[in-house]
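Chain IDs A, B, C and D follow the sequence of writing; residue 1 opens each chain.
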Amino acid sequence: MNQIKIQTEPFDLAAIQEELRRDNPAIGAVVTFLGQMRDINEGDRVSTMTLEHYPGMTEKALQAIVDEAGARWQLLGIRVIHRVGPLHPLDPIVLVAVASAHRGEAFQACEFVIDYLKTRAPFWKKEQTAEGERWVDARHSDDAAERRWKRS
Amino acid sequence: MNQIKIQTEPFDLAAIQEELRRDNPAIGAVVTFLGQMRDINEGDRVSTMTLEHYPGMTEKALQAIVDEAGARWQLLGIRVIHRVGPLHPLDPIVLVAVASAHRGEAFQACEFVIDYLKTRAPFWKKEQTAEGERWVDARHSDDAAERRWKRS
Amino acid sequence: MIHMLYFARLREALQTGSETLDYTPELTSVSAIVERLKGRGDAWGEVFADDQTVLVAVNQEMCDLSTAVKDGDEVAFFPPVTGG
Amino acid sequence: MIHMLYFARLREALQTGSETLDYTPELTSVSAIVERLKGRGDAWGEVFADDQTVLVAVNQEMCDLSTAVKDGDEVAFFPPVTGG
């Protein structure tokens, strides 16, 4: 029912959403998050970015995130696709698509998965700017977004 | 920057998302809600549904909803497409796609637009079941979802 | 003249989707229009009975019973919306 | 033997992505491994200095300094993640 992929090739946003929704008439809502590369970060123009990850752990971490979402909400399918390797502005980086009978659950689960992914999955971005290469620093707002989801 | 359409023909989910995201490298996040027709409602199998609307007011209501979202959040584009006329299970009914630099705003604005649309835009669903035709009743949960957005 | 529109369940119950009402000076608000329509009895009385939820738009903006109307306005009555 | 992995900024600073550490009985936890690595001085001392945020995974699960390790484990150090 769920699918996780890490790949260097571009992914087909349309094909993933179609495959998720088209055969299940119990689905009433599909919420999709697409993250794409911006050409500006921290005020500097970025020409290329390279995404490194921890093969093996990445898949396990994403599986744990998806399992957690499936335990919290009544869902009818989740797709997570994340690119690694070299990327350019406008390139899609990550896709999270969640299907459910009603929209509330799909919205909550989709945001949960991307918030968790941003703080728990072992990916690192390195940017190439006119001043040279630099590793992207973790955003405090990502930590805050993820803390919302902690069980208290 | 924003676009609203009411149409009887099917819409192309992929083309709308591509057109929204592909030319603007300031966009970091696109959140899409797709509502599709379910084959069961209130426990009964539904074979066909007909969507009626109030031409003229529908466009004005959707424009007001989109303008309100644009005033509340920093966005880089909104698309709202709603079908009317006869529909069958698995047919996409409505699409709301929102682009922004960061994901938090895109998620909030997308959910805001669909919540408001469900309670403010003049559309009515009539279902054809084995027992005959019936008008769909308004869902109390839609009113509750919309009340969350009231300015207090 | 007031341009009247009826949608969905109301349109079917009233067996009409649109009509024009002669404008007369006492038609100052939505509630005055409702009173005139209720006076027709039968389906009109039922559709606009106090226990029925009927929404109203004047010139394509949602409003309520107290909203003013004037000659030439478009006034639409319909049930709670169920789109999306 | 402990299978060590280093990623991203750490990999570059330490100029290595992986190595094996001989397992010895005092290597009972992540903090014991950190102490051994810090003892190498230079870049190792800097990367694992107390004011640096370094994350650790044992056998591909996020954990912390107190986590136990045993012979054959895979232990990875890396900076805060920045994917998505």
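In this section, contacts are C-beta pairs under 8 Å (C-beta built on N, C-alpha and C of every residue); 3 or more make two chains touch, one makes a residue touch a chain.
Keep in mind it's a predicted model, so treat the numbers as computed, not measured.
**Student:** Hey, what chains does chain B share as contacts with chain D?
**Tutor:** A
**Student:** Based only on mean CA positions, could you tell me how far chain A sits from chain B in angstrom?
**Tutor:** Chain A and chain B have C-alpha centres separated by 23 Å.
**Student:** For chain A and chain C, let me know how many angstrom lie between their CA-based centres, rounded off.
**Tutor:** Each chain reduced to its C-alpha mean, chain A and chain C end up 49 Å apart.
**Student:** Just give me the whole-number Å value for how far the CA centre of chain A lies from that of chain D.
**Tutor:** It comes to 26 Å between the two C-alpha centres.
**Student:** Which residues does chain C have that touch at least 2 chains other than itself?
**Tutor:** Answer for chain C, listing residues that touch two or more other chains: there are none.
**Student:** Can you list the residues of chain B that touch 2 or more other chains?
**Tutor:** Touching at least two other chains: 35, 114.
**Student:** On the basis of the stated criterion, which chains touch which? Give every pair.
**Tutor:** Those chain pairs satisfying the definition are A-B, A-D, B-C.
**Student:** For the complex, give me every residue of chain D touching chain A.
**Tutor:** Touching chain A: residues 5, 7-9, 57, 60-62, 76, 78-84 of chain D.
**Student:** Using the touch definition up top, name the residues of chain A that touch chain D in the complex.
**Tutor:** Residues 35, 51-54, 56-57, 60-61, 82, 93-94, 114, 117-126, 135-139, 142 of chain A touch chain D in their complex.
**Student:** So in the complex, which bits of chain A are touching chain B?
**Tutor:** 13-14, 17-18, 21-22, 25-40, 89-90, 101-104, 106-107, 110-111, 114, 141, 145
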